[in-house]
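Structures given as structure tokens follow.
Both complexes shown next keep subunit A, but they swap its partner, so subunit B is in the first and subunit C is in the second.
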Partner chain A sequence: MSYIARPKVSHPALARNELGLTMRDYEGGMSTLCAGCGHDSITGALIQAVFELSIPPHRMGKLSGIGCSSKTPAYFAASSHGFNSVHGRMPSVSTGAAAVNGRLQYIGISGDGDSLSIGIGQFVHAMRRNLNMLYLIEDNGVYGLTKGQFSASADTGSTAKRGEVNEQQAIDPCLLAIASGCGFVARGFSGDRAQLAPLLKAGLSHRGFAMIDVISPCVTFNDHEGSTKSYRFTRENAYPIGHTDFIPPEVEIKAELGVGEAQRVQLHGGGSILLRKLDHEYDASDRSAALAYLSRRQGNGEVATGLLFVEEGGADMHELARLGETPLADLPYDRLCPGSGALADLQDRLR
Partner chain B sequence: MPADNDFTIRIANVNGTGSASANSLLMKTLFRMGIPVAGKNYFPSNIQGLPTWYEVRASHRGYLARSGSVDIAVAMNAETYQRDLRELTSGGYLLYDSTWPRREVLRREDVHILGVPLARMCNESFDNARARILMKNIAYVGVLAALLELDLDIIRELLRQTFARKKPLLEANQIAIGLGYDYAREHLHCPLPFVARSMEGPGSQIIIDGNTAAALGSVYAGATFGAWYPITPSTSLMDAFRSFCARFRTAEDGSRDYCVIQAEDELAAIGMVLGAGWNGARAFTPTSGPGISLMSEFLGYGYYAEIPAVLFDVQRVGPSTGMPTRTQQGDILSCAYASHGDTRHVLLFPSTPKECFEMAATAFDLAERLQTPVIVLSDLDLGMNDWMSEELTWDDEYRPDRGKVLRAEQLEEMEAFHRYLDVDGDGVPYRTLPGEHPRGAFFTRGSGHNMYGGYTENAGEYQEVLDRLRRKWDHAATIVPRAEIRTAPGAQAGMITLGTGHSACREALDILAGRGVALDYMKINAFPFGAEVETFLRDHKRIYVVEQNRDAQLRTLLINEAGGRAEQLVEVLHYNGMPIPATSIVSAVEADMLRDRAA
Partner chain C sequence: MQPTDTRNPDYFHRVVDCQWGCPAHTDIPEYIRLIAQGRYADAYMLNRKSNVFPAILGRVCDRPCEPVCRRGRVEEKPVAICRLKRVAADLRGDIDHRLPTAPKEKNGKRVALIGAGCASLTVANDLAPLGYELVIYESLDKPGGLMRTNIPAFRLPVEVLDEEMDQILRMDVDLRLGQGIESMRDLLDNGGYDAVFVGTGAPKGKELNLPGRHDTQSVHIGIEWLESVAFGHLDSIGERVLIIGVGNTAMDCCRTSLRLGASDVKVMARKPRGFFKASDWELEDAEEEKVEIVVNHSPKEFVVEDGKLKGMVFDLMEYDIVDGRIMESRITGQEFFPCDDVILAIGQETAFPWVERDIGIDFDRWDVPIVDRVTYESTREGVFFGGDAAFGPENIIWAVEHGHQAAISIHKYCHGEPITERMPPGMNLLAAKMGIHEWSYSNDYEAAPRRAMQHMSLEKRFRKLDIEVELGFTPEQAAREAQRCLNCDIQTVFEAPLCIECDACVDICPVHCLTIAPNGEEDDLRERLTVPAQNLEQPLYVSAELPQTGRVMVKDEDLCVHCGLCAERCPTAAWDMQKSELLTPYVHHEAAGQPPRGSLGKPGGSQRNPASHRDRRDARLARREERA
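Presenting the complex of A and B:
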């Protein structure tokens, strides 16, 4: 966690968003992660995404679990509320928070240890409930804070820094998410902000659970020869299935875009996604085909990236819980209390 | 010795055979005759086919604890005949289904065996197989009506109310009552030497279980969010909350002013509650001991990050899975200090359904005023059994005490907001709700933080916050419900209990007083202990601490936290899973006094 205040210097020529805020207004404390950590690049992309979407910082909730990834909410949006919870339990905290106030934008940041080992149960159930949030897994295949043990996303055959070979199966959060009914599943790479930023914006605009697994190399414990989560391996083996463009609502209305080969997905929260496919056989709206395709790529030793699956229109947790417009946290008390008369009536039947 | 309006009936049955409605009919009949009554269900952790007992105690003095004796056994389960016979008071009555005569099994010289061919009569009167099983139960109520001179009009009226919309069932029930009643009048010596006589007893009282009352209290306190993982004996609390909300909190278009989530486990349930509390809703989770164990990590988080939450721990028998359908007060210490590090939690100890109702509301107020988890410790006996209770009342002037929450207008006026500053000197800082105002943003964390809410690994900054939390705790001791103290003229010693120990203690104190032993009495309602608890401990040389666990957990807490001395606090323990009867307290006190005299 950061305890070093970042100097706030703002150049008058800096671009401003619809709220009149600059990118600086979305920054947080100085990162205390290792120099070159993939997580910091993700934080940068996230700052760009929320800035460009003009989300009021104080209307965002940043939640995380425990681990290097989970420290990052302290490094962006200093004027957002943060909740650094306990290990693997961020999904449940987010669930309660979202249930009582659906009007905030929730961003959950987790890691492969946090989401795929200690917290895999909560991760899966949050998807099953389809709570409305962006959920990032900053995925580096190791436990960084405890110095380099394999995580559950470490690939079979991948080696640890000291040479130990992982012989267990890897859990792929994208396959897991698609199989668990998640309506927005993407994979990015911390080293490719051009791909990641639009994915983040699309995820933020999706209604329901948007899971993005971001391969984020650990420069200290997992960036060596033999690692399948290193910068080099990811660059060489990433297989982008297409470009994702996020089209904001105002642009959308202005002009009909020359769509061509692209697949267009209207987002519930406004705006749309334009998927320009590189691999023409891929259909990001077909759940079972997506599973088969990803498994095939994985079999080839490739890391498919991009928007892997998207399904708009599914009922989110609020709809399923039949919650009204006013957040539960804002309901006036007199609407909640049945009063003494009702209590007396009720007891007539208890005699 | 049983007497008029002073007897205990225990009905032995097989679970899943529909005896519950017959048992509640029996209890309600006595209640409507104006006789104070207590019903206790001893059921197995099973859905069908295992022995189950239901005990109804009539007590004109209004004692609601388990009597500890059985005057009439209704033995409907051949498997438990031996045990039911053995546990019957000398001179008592055992009623059994003599369709299959069991004279060779049911042999005990000092009791009366009453055979009624319940199955045969029901087989002759009903065609349907299910009805034949169900109606045997109603028929034994008919037999008891004859033996005890129960008011038949009340019974028939209760049946009419219960089956108002199920005509065929009503008819069958009425017939079954008649079958038992008529047979008993014709073949047995009716009435027994002790009977039920209408009296002006309970007045405006009601019959309710603690879980229903706690759920109702949560509704009235304005709780909007509940998350739970089903666990006996707490499940009925959330069931009741949902059904009250369905009734009182659902708009015409079907939208709901509440949200209940069945979590994937207790870890998630408490996480959800903390998320909701952080975001400004009154949130709670009902659970039991195993759930508390799982929730411990988050409880420490709630304590340290200062997030309001309400937990209802409906205690059952531990350790481990223990006996899930039996009662105990075994979670006192694990709740008081749940989680690693220096943690301590505010506890409330209801002893009646009325207190379950009121303390639920108190718990939500305290949780927000103190910004910390509050655990209401009920138990299976209180939570799931039918209790005669004073009428629940509600003050319409009540408004939730949200504690120190800064709203947008206040934040607008402030230069800066810091989450953990002790502005008022009571150890309770100010909080803000997410989304309220840009100036209100802060970072909630379970890692070391300073008084400004910033991350710290600095020794002094860390300790400052921990010491302030201790000041908050001391402040809590001044605002939690005070202990109830009843002094007796010429008292030689004191007695302390909490929760369901209360009804047994009340009765025990009367018995002891009748034998010339006067004791001062204190019922503890909350932890941290108020000054009155320390005073009581200081003022008595010898104090009996009555509780339902093996390790004298309340006594330990009194020694740890209220200056109690080991030599002054005498353990009076009951922990076999059955609710504590007054008699066991009386004998423990008398034995101690004898020892003391001998010494």
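Presenting the complex of A and C:
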């Protein structure tokens, strides 16, 4: 953290988006995380993504649970809606928010502790319900806020800062998400913004639950030699399966790049994804193949990154639950609260 | 691009735009910090080291530092550097005991200084403490040169001038007033001097030979007229005055005319606004006093009837201007302006009727002496020129720098040393880190706009000729204005081997001046930065290859506000804030054979400060090895 706030002064030539806003208009409070935390870099990528998508700040809802990661909503888009909820319970709060107002762009930010330990049930059910939201796991393999114990995503054989070896198995949120029926699964790395920012934009434009697991080194407790979630290890062992370009709806793709390798996926939320594969055998639209492929890479000690699985067209929670399009806040009072007569009718029907 | 060589003292010096822009390389950010702390006497002494006349220059400097001030690029207006300098002088208290003194024992060398202006006085200031016997020849009855004769007292009070000159003259300097040199040959042959310095300025005002010019007594040459006013020979002028020319002398002439009784003063400009030579602030001050500036009027003739000036005829001009340059001009008509007096302020030049042309001092085809730009020596050994006398009209601060350099040459010449072998400037870097989030400077950005200078009211200021118009900043105003300084000398110093490429610095930078990117040629790299670096005047600071990805860290120096947040957010101290201190050698360093030392007594020569990141990095590596 810093004692001074980030000065308001900005570069006069800073780019503006369709709304006339600059990146600085999407900033939040000063981070109180450790200097060099991967989470802050993810915040930077998020700011870039929402800026480039020209999302009006007041049309976003930021939600989080508990943990270092869950402080992130405070550090960007200061003028957006936000809810810092109970540990591991962010998916429930998001479900409620999405149910009463399906028109906001929901961004849930969680960590490996919040999502894979205390909140794993909530996490899996949010995918099952196919909530329309971008769900980020800022994954550092360690409980940073309680001084560096292994988390559920710590790899077997990796060591803690003082040398203890982790003997338990790791839960891979990407494998879990693909297996749980999630329609958009990606993995990024906080230290590779060129890859992460387009993934975030694609995830925000996906209709339904978009889960992105972002390896985010903990500089204080998990950036050492025995760590498998350090800056150096991730840079050396990341295995990008392809480049993901997010193409905004108004841009027409003239030629499919690298014929036979590029794969275009139309997103229901607008725009499309252009996948330029680096590994020919990978097919991001085949759920069982993706599972097999990822397990194989994992067995080699590699961290596959990029857009791992995408399936468009699944019905999201709003459609499944046949919820109205109009947010409750916009309904006239007599429709929102039809009165005791209507309640009595309803009760009569259920008797 | 190759990694930036920060061992070259010029690199970090250039980042300090004001100091780089100042001919005398005054350590501006440091004295502004001293002012912010209320250490006015220390600020004054630091100033005096390089610019010798802080109180004078705090009022009338041409301020080459201000147009280049980074603050002027970050927002609209630069820091009021010049006015802060004056604050230090106004509030300094007694500093007599800190001034240099001349030794009783002289070194046996005699030097003649011709002209008692700012250049000669600077030479005297530098040489007197070394025991030189110095004789200043001045043709006028008072010392000061143009500072006395051309700058009106309402801008520069006589007491201020006298006080700062006295600081120098009291060091046993033999000032011979009313003794101009009539013959250089005579001085060189019979004067018995070891060296001669010419600091006679540019005393000749340019003529405007148009019909009727010499048919009347009412047409004056600006600098001569100002001199007459300064010495009290003139105390009135006609009601209606036309000033020809729009330089700073014209501004002094028009404002002086108002104080001598003129009520209708017009400054006649040949070209439109934007082409004026006068500094913006001098124009503002003149217009505040209701001087009218008439553009696009080119003088054609003086209208004189029976020896009495009636007015002037001007050609009306029209210009085709493309990209701020005049491509073509044409005359579209004529206009008559009635007036009682005309003052010509269209420039001035050097005049050396007293220097014989066969004594080895060569002049070029414009009759300007040929003077070396580094040593200030003329084509005759042992004869040096400085100030306006050397290269034509500039301003006081340039003359001061000429004086410092000429003093070094004179010393070396007098001691038989080659004058071209001079000590190079050094650069010292000092840790600015005082604690986890504490720096040795105030790193927060002060958003306040530039403080306005209080002026004497328009009713009061014309009552007497010498009522100073600018009232100076109060300590409160000065403290606020000082906070606007961006502390550009607190450098962002980067150590590539420490970087883990976490992007923390890139994200925190409020002005987006940092980028981690694959290396490339400069043109290409400038385009690929977080915000493209369009200001080609400002360098890119490029690191060595970063250890993890081989990319490079690039900083566009243009708009850095030196807030230090990159260093605060850096987990490995790859970024560090370090105070750069330019070590400028003066003649006393040359005389002692000791290069200048930094404020903590460290020698110069681009030494890295030892205590910060290197140690921390070594400690980290040692711990890592221990565990492995």
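FYI, the second predicted complex is superposed on the first by the 317 of 351 C-alpha atoms of A that agree within 3 Å, B and C clash if a C-alpha of one lies under 4 Å from a C-alpha of the other, contacts with A are read in each partner's own complex, and residues count from 1 in each chain.
Note that in this section contacts are C-beta pairs under 8 Å (C-beta built on N, C-alpha and C of every residue); 3 or more make two chains touch, one makes a residue touch a chain.
Remember, it's a predicted structure, so these values are computed and weren't measured experimentally.
Participant: With both complexes overlaid on chain A, does A:195 touch subunit B (first), subunit C (second), both or neither?
Facilitator: A:195: touches no partner chain.
Participant: Under the stated touch criterion, which partner chain does A:38 make contact with: subunit B (first), subunit C (second), both, or neither?
Facilitator: Only subunit C; A:38 stays clear of subunit B.
Participant: Return the residues of subunit A at which the contacts from subunit B and from subunit C coincide.
Facilitator: Residues common to the subunit A contacts of subunit C and of subunit B are 1-3, listed in rising order.
Participant: Once bound in the complex, which stretches of subunit A touch subunit C?
Facilitator: These residues of subunit A touch subunit C: 1-4, 6-15, 23-24, 34-38, 40-41, 43-44, 163, 190-191, 193, 217, 219, 223-225, 231-232, 235.
Participant: Considering the complex alone, what residue numbers of subunit C touch subunit A?
Facilitator: 74-75, 437-438, 443-445, 447, 500-504, 506-508, 510-513, 531-532, 534, 548-549, 559, 561, 563, 565, 568-572, 624, 627-628
Participant: Hey, which residues of subunit B end up touching subunit A in the complex?
Facilitator: 31-32, 205-208, 216, 219-220, 222, 224-225, 227, 244, 248-249, 251, 254-259, 261, 263-265, 267-281, 283, 297-298, 301, 391-396, 398-400, 433-447, 454-456
Participant: Across the complex, what residues on subunit A touch subunit B?
Facilitator: 1-3, 56-59, 61, 63, 73-74, 78-86, 89, 91-101, 103-104, 121-122, 125, 129, 321-325, 328-331, 333, 335-340, 342-343, 346-347, 350-351
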